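Quick one: structure below, then a few questions.
Each chain gets a letter, A, B, C and D, in the order it is written, and its residues are counted from 1.
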Amino acid sequence: MTNATPPAGLSRELIALRAARELEPGWVVNLGIGLPTLVAGFVEPSDNILFQAENGILGYSGISESDFDSDLINAGGQPVDLVPGASFFDTADSFAMIRGGHIDAAVLGGLQVSEQGDLANWYVPARGGGSVGGAMDLAVGARKLIIAMAHVTREGEPRIVEACDYPLTAERCVDVIITDLAVIDVTESGLMLRERAPGITAAAVEEWTGAALLIPDDVPEMSL
Amino acid sequence: MQAEVFDTPDAAVSDIPDGATILVGGFVSAGTPSNLILALKQTGQTGLTAVANNIGLGDLLDELCEDRQLAKVIATFAIRASGTRSSRFEAQYRAGEAELELVPQGTLIERLRAGGAGLGGVLTKTGLGTTMAEGKQTLELDGERWLLERPLRGDVALLKAWRGDRHGNLQYRLAGLNFNPVMATAADLVIAEVEQIVEPGEIPPESVGTPAIYVDRLVQCEPIPVRWDG
Amino acid sequence: MTNATPPAGLSRELIALRAARELEPGWVVNLGIGLPTLVAGFVEPSDNILFQAENGILGYSGISESDFDSDLINAGGQPVDLVPGASFFDTADSFAMIRGGHIDAAVLGGLQVSEQGDLANWYVPARGGGSVGGAMDLAVGARKLIIAMAHVTREGEPRIVEACDYPLTAERCVDVIITDLAVIDVTESGLMLRERAPGITAAAVEEWTGAALLIPDDVPEMSL
Amino acid sequence: MQAEVFDTPDAAVSDIPDGATILVGGFVSAGTPSNLILALKQTGQTGLTAVANNIGLGDLLDELCEDRQLAKVIATFAIRASGTRSSRFEAQYRAGEAELELVPQGTLIERLRAGGAGLGGVLTKTGLGTTMAEGKQTLELDGERWLLERPLRGDVALLKAWRGDRHGNLQYRLAGLNFNPVMATAADLVIAEVEQIVEPGEIPPESVGTPAIYVDRLVQCEPIPVRWDG
């Protein structure tokens, strides 16, 4: 950790693209508000990935370019298009689906992730109040939890830390962290660097990470 | 088993008392009873507690803060982390003039469902190990820890549906369901705005989203379009 | 209590008719299996009483005389006709309606009712096993619980007793008992005789009742 | 997200193992997967636990007792008080060859819902003060007593719907819903018999009773009419 400027890594769009590569064909996936919603634009239709919106849609294909229908939005308030075979349900059924383990993966934004995979993503202490939405249920219920976020704060502070000092979303819930600098797996042994962003060294990732990082001998560069 | 049909949203909400707890259906722009919210603004009633998914996300609930009608909000989205846009509610919350109880969305809907379904509570893992668990009972059962969440009810529910029949059956469209069907079960007085009032039988029995017995009042009005772009 | 034969009172149909008179216009009513299902035949259409079947129907008008549709039955398996404005829902929503206090009245059969209004109606000790159906939820959830049953067992034993010796359906849940001999209210002060069946004296009702019965000076005969 | 389509009910259930816990949808004649039940009879698997609203009420579940396939039944209707008609299950229960767990209907569906919805249990008043509360935890909260009911899940669910699309979306008709939509959420392997298999999109999104992701296997077959006359 230094006061230097962190190296330029992936754009938001490329983080979303890299997150999309974590999704397997046929999966049911929930996308959080903000950066994660971009993920829908980077999946192949042939992969038959079904997006679930916690406000009560299973099977939207992406953000709609057509007329806005106020009753047909995703959890970020954006208009969406449906795939054939989509369905609607109420919030109780939607969170039964989420909490009950029926969602294969969720891609959420993050403020901090700890060594143990604790997630903080709903409350910025400096701002207070907070907005939790469905994040706590998704963190508890999604079979695979992918966090897509900037590697450091605007002030250059690491977001990947030994222990979160922001209030938690859930304990030990994160499986993979995808940032502008790296792909990091949360494993039994600790945080494991899986891939580096193009032009980013493993040493640079380590420098901007606030927790112990397991670094294999050969850490491949992402292919995007 | 007739719902009372009102000519205007103002008439439908005119007798809501000060200090009432009001469940407000909808999710951002979908299924949101904007006409009823604006009518509630006209009443000028104060000391209200609003239970809603969101406030200040393009919804009109924040309008109730113009005249400081909301003493408390129970919601899942309230104060945005980014701070790029602020709401009247946020200002009043920061000034200590309005209270906020933030609840995870899946827990909020289960608490409301319990309130409507005669359940004393549910056990969830959501919120365990977080500030949401503070002051709440946890149970350890077969080696697993659970958080006990208690029921939540309102004095009044304000709902939005697509069509309503004169008995009170409601039919929703698209993702307009969200919180509405459960909130319909969890308030003493249930008021729904609909785009069309039809005769009983016109809504097919398989397409009824809220059965007639839950709905006390109906008012037909043009939906007010709202939008939130993040 | 004697070994004599109890006096001939109302038929099953007349018990059902008398139970129907307990229902107020506009009420939502659930009818138990057996005798209570007959109640649907004795309400005036103009009273707009909505019958709820716990298998997922609100708004059936009575037993259907037309073709049998296996998907359109009440909780007793009988085909039913729908009123305009009926609705279908699943069992979870049906019992949310019942347990949540949204049913104005339930008419159930009984095996025993105690002085305190405890109900036993699902388990005959001599037979064992039992069939509980929705009875326990209805007993807990219905705003008014009406028990329609024979005043005594086939063996001449009172069914209205100081304390049930059959396993309970629920404690302190019964509001009114309607039998072939009488209408009895469960009140704070105890069981109160409200009406006698035609030709049945208050003394006869008392004789065949196994619990203390409050008998006003003037107990009217039922008008049927 | 494709459901696997089988040609026959026999093929759809052929790999259910001995000792499996099987959720069986339906209520007497409505929404009852009779073809799948008879196919399960053909497999000859034993030591099964069946979770169903009823056994021996005109349903075909009792057929599984012919070859003593059921070790246990969890149901709301099982042994009739009147004794006018008996079932094979009743005989085996009386002989101590099959176990019965009787559960109030509203509790059975909430236990299944909890099992599918990731809840650790619910608090109900149903069963308090009765034999149903024996061995179960009660909680006193704000002066009120509640019975804690725990989740229930199956290895397999056998469902019946009207139509299914190739993704696995199910549409029910009339009172054919009953236990089916909740059971769909609460088993590891979900098998549905439907009267028609259609293409995705043919079932309107508003009319989907069970979303595709819950359904693993589909088989189209003529419904087998059953009837119970009390």
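Going forward, a contact is a pair of C-beta atoms (placed from the backbone, for glycine too) under 8 Å apart; a residue touches a chain by one contact, two chains touch by 3 or more.
Not measured: the values here are computed from a predicted model.
Common neighbours of chain A and chain D under the contact rule above are B.
By count of C-beta pairs in contact, A-B exceeds the other of the chain pairs A-B and B-C.
Each chain's centre was taken as the mean of its CA atoms, and the one lying most distant from chain B is C. Look at where the CA atoms of chain B average out and do the same for chain D: the two points lie 33 Å apart. One finds 28 Å separating the Cα centroids of chain A and chain B. Rounded to whole angstrom units, the spacing between the C-alpha centres of chain B and chain C is 37.
Each chain gets a centre from the mean of its Cα atoms; for chain A and chain C, those two points are 56 Å apart.
Each of residues 110, 113, 118-119, 124-125, 172-174, 205-206 in chain D touches at least two other chains. Among the residues of chain C, those touching two or more other chains are numbered 88-89, 95, 98-99, 140-141. Chain pairs that touch one another: A-B, A-D, B-C, B-D, C-D. Interface of chain B with chain C (complex): residues 1-2, 113, 116-119, 165-167, 169, 185, 199-201, 203, 205-206, 208, 211-214. Touching chain D in their complex are the following residues of chain A: 26, 28, 48, 50, 58-59, 82-89, 95-102, 140-141. Interface residues of chain D, counted against chain C in their complex, comprise 27-32, 53, 57-58, 76-81, 83, 90, 93-94, 100, 102-107, 109-110, 113, 124-132, 162, 172-182, 209, 223, 225-230.
Those residues of chain A that touch chain B in the complex are listed here as 33-34, 53-57, 68-73, 75-78, 88-92, 95, 98-99, 111, 118, 122-124, 127-137, 140-141, 167-171. Against chain D, in their complex, chain B makes its touches with residues 110, 114, 118-125, 139, 141, 144, 146, 148, 150, 172-174, 205-207.
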